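After this come two complexes, each holding chain A, first together with chain B and then together with chain C.
Right after this comes the complex of A and B.
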């Protein structure tokens, strides 16, 4: 059932590209603002680059997360989805995994302009960075799907989503920035392994919370 | 308002709270010793810490009420959760006001990204979202469910926020780290007395607020 639901999410996105396009276009716009407003010492930009990257990811992800439930909301498809004999936790997992895929694709498309526009040097090794980014995505989308579910039927859902999401993901954001800084500035793993642990703890706690509570979130 | 004082237990609790609070204020201002380096600024400690304790206790009650609401589907627990969230936020705002009042003369500036203060601020921001969700969430039954989920998530986020902020900026570990039990009796006893007084005040406020919300609910049912 999980694969069927995941296929549905991917199929819908492939057809209209709503989530990825909204995140990508918004991300590029924010990047442009960063590039214009930070035209200072390259050393300083190199220092704060991990923070800029995660700010970009978090800001762009709000648009994508807002669109995660758009199809169901726009076409009033929730009633049929809930009526289907599907475990609600599985629904959450499908939204979570598809959300991670959409966010990762967006990051993949945005990373090159990010380095080029800000005049950043490329990192020595890529794999630890990819791991941190994937873990960070897991955390952002784990909470994002919950919050998006809470906000989707509200009157001011577009405002409510970031208002709820940003404070909740503060520990994750701090940990992601710290771990990325450690990796990008080529510090030994022992200097930033604590932050990876915080991200992993966050992912486990909120992933489980989403799986358990999603039933109460999508109920009519 | 008379319905609030109809039962004897609430009346007794109100009288006890008033007496305790009067004794507490007298103890803080008159009896407690003056700490040499901090003078009057230290006195805020007897109010600031108990307020912070009741604020966090209140958010813990929001989480417990949320769990009970999701398990039992009884609207009473939603009202308890709402009452605790309102009172908790009031106390947390007071923490965010009294903290900088103490910090200005001691640290030389009102705000530092210190873990306890930052955790309190982030919790406050989460609860701003909580009240917005309650206001704009739509159908009351759905809002009650959402609020219960958010109340639980907010509280389980607390240790993660605290530890991430603590290690994010280790240079800001300026919050008094003294072991409370190592304090002299002249400070320790009034402090615990104040802690108990504020806890009793919190219980009274929670009882009042739940009563008002129950009353409001009853009026709504009668009008339908």
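Right after this comes the complex of A and C.
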């Protein structure tokens, strides 16, 4: 059932391109603002680059997370979906995995302009950075699907989502920025492994909470 | 087949359903009628486990519906007021995914045959968002031909259908009454309710105020009296 649900999520997005396009256009706009406003010392830009990257990710992801349930909300397809004999934890997993895919694709499209527009030097090794970004995506979307599921039925879901999401993911974002800074500034792993552990703990806690409680989160 | 005990539900501290008790046997077609806001749709949504009651228990084929086991809901099909379909997907894609969610793998040929039967083959490649309300209603009913269901919960099945569509839906409802399946449906047309159902329940003031077989003498006037 998980593969069918995931296939449906990807198929619906492929048809609409609603989630990725909204995140991408917003992300590029914010990036342009950053590029034009930060025309000072390249050292300072290099110093704050991890923070800029995660600000970009979290702002764009808010738009994408809001759209995650929009197709189901419009025609109340969500009622038909949850009335079907599907394990609701599996439904959460499918939303989580698809959300990570959409966010990762957006980041992949944004990362090159990010380095170019801000005049940043490319990092020495890519793989630890990819690992941190993927782990961060896992955490943001794990929390995001829970909050989006909660906010979906509210009339002002677009307002409710960031209000609930930002306080919940602030510790995660701090850990993501710290770990990315450690990697990008080529510090020894021992200096930033603590922050990686914080992100991993976040992923486990919110992933499990979403899987277990999604049944209660989405019911009216 | 279905046992509902002591179901209560309120929205924003305003009661919608109070201590609802009833059971539905296999093969029974039950009509649920009542004034607007009586709680009919809410009751159907609770039975489909879309909505959670404050208290009460529901058993379907001897299994508790609220224990979180998805397999216990196998065989229940909910067809609500809203289209309940993915607007950007076509009729065939909607049928494919929803039948898969109900545990049935359906071939394209079979889907096309059903769409032909429901007079939707002409619009097969159109996204559902451009369909009329009647077409969407027919599409929702078409899914019933593809999945293996034993309890149908349907909210106003004739809503949005033209005269021929209503005749067609009536025919389908009759064909589904094969003694192995149960139907609970909401409708406002008393004549149609009496023609289709084997049992009638009237909801008023958040409770069931009448629960009689459709053959009960002078039922139509009793219902009219309660509805006014």
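What we mean here is this: the second predicted complex is superposed on the first by the 220 of 220 C-alpha atoms of A that agree within 3 Å, B and C clash if a C-alpha of one lies under 4 Å from a C-alpha of the other, contacts with A are read in each partner's own complex, and residues count from 1 in each chain.
Everything below uses one rule, namely that a contact is a pair of C-beta atoms (placed from the backbone, for glycine too) under 8 Å apart; a residue touches a chain by one contact, two chains touch by 3 or more.
These numbers come from a predicted model, not from an experiment.
Student: Can A:74 be said to touch chain B (first), chain C (second), both, or neither?
Tutor: second
Student: Is A:175 touching anything from chain B or chain C once the two structures are fitted on A? First, second, both or neither.
Tutor: first
Student: According to the stated criteria, A:88 is in contact with first (chain B), second (chain C), both, or neither; which is it?
Tutor: In the superposition, A:88 touches chain C alone.
Student: Looking at the overlay, what does A:194 touch: chain B (first), chain C (second), both, or neither?
Tutor: After superposition on chain A, A:194 lies in contact with chain B alone.
Student: Could you look at A:219 and tell me whether it touches chain B, chain C, both or neither (first, second, both, neither)?
Tutor: both
Student: Should A:156 be classified as contacting the first partner (chain B), the second (chain C), both, or neither?
Tutor: After superposing on A, A:156 lies in contact with chain B but is clear of chain C.
Student: Please indicate which partner A:11 is in contact with in the superposed arrangement: first for chain B, second for chain C, both, or neither.
Tutor: In the superposition, A:11 touches chain C alone.
Student: Check chain A for residues that touch chain B in one structure and chain C in the other, and list them.
Tutor: In chain A, residues 216, 219-220 are touched by chain B and also by chain C.
Student: Give every residue of chain C touching chain A within the complex, in rising order.
Tutor: So the residues of chain C in touch with chain A come to 45, 48-52, 68, 70-89, 93, 97-98, 100-103, 127-129.
Student: Which residues of chain A touch chain B once you look at their complex with the stated criterion?
Tutor: Counting only chain A, the residues touching chain B are 143, 146, 150-151, 153-156, 159-160, 163-164, 166-168, 170-172, 174-175, 178, 194-195, 198, 201-202, 205-206, 209, 213, 216-217, 219-220.
Student: For the complex, which residues does chain B have touching chain A?
Tutor: Checking each residue of chain B against chain A gives 70, 122-123, 125-126, 128-129, 132-133, 136-138, 142, 145-146, 148-150, 152-154, 156-157, 160-161, 163-165, 167-168.
Student: Considering only the defined contacts, which chain A positions touch chain C in the complex?
Tutor: Its residues touching chain C are 1, 4-5, 8, 11-12, 15-16, 71-72, 74-77, 79-88, 215-216, 219-220.
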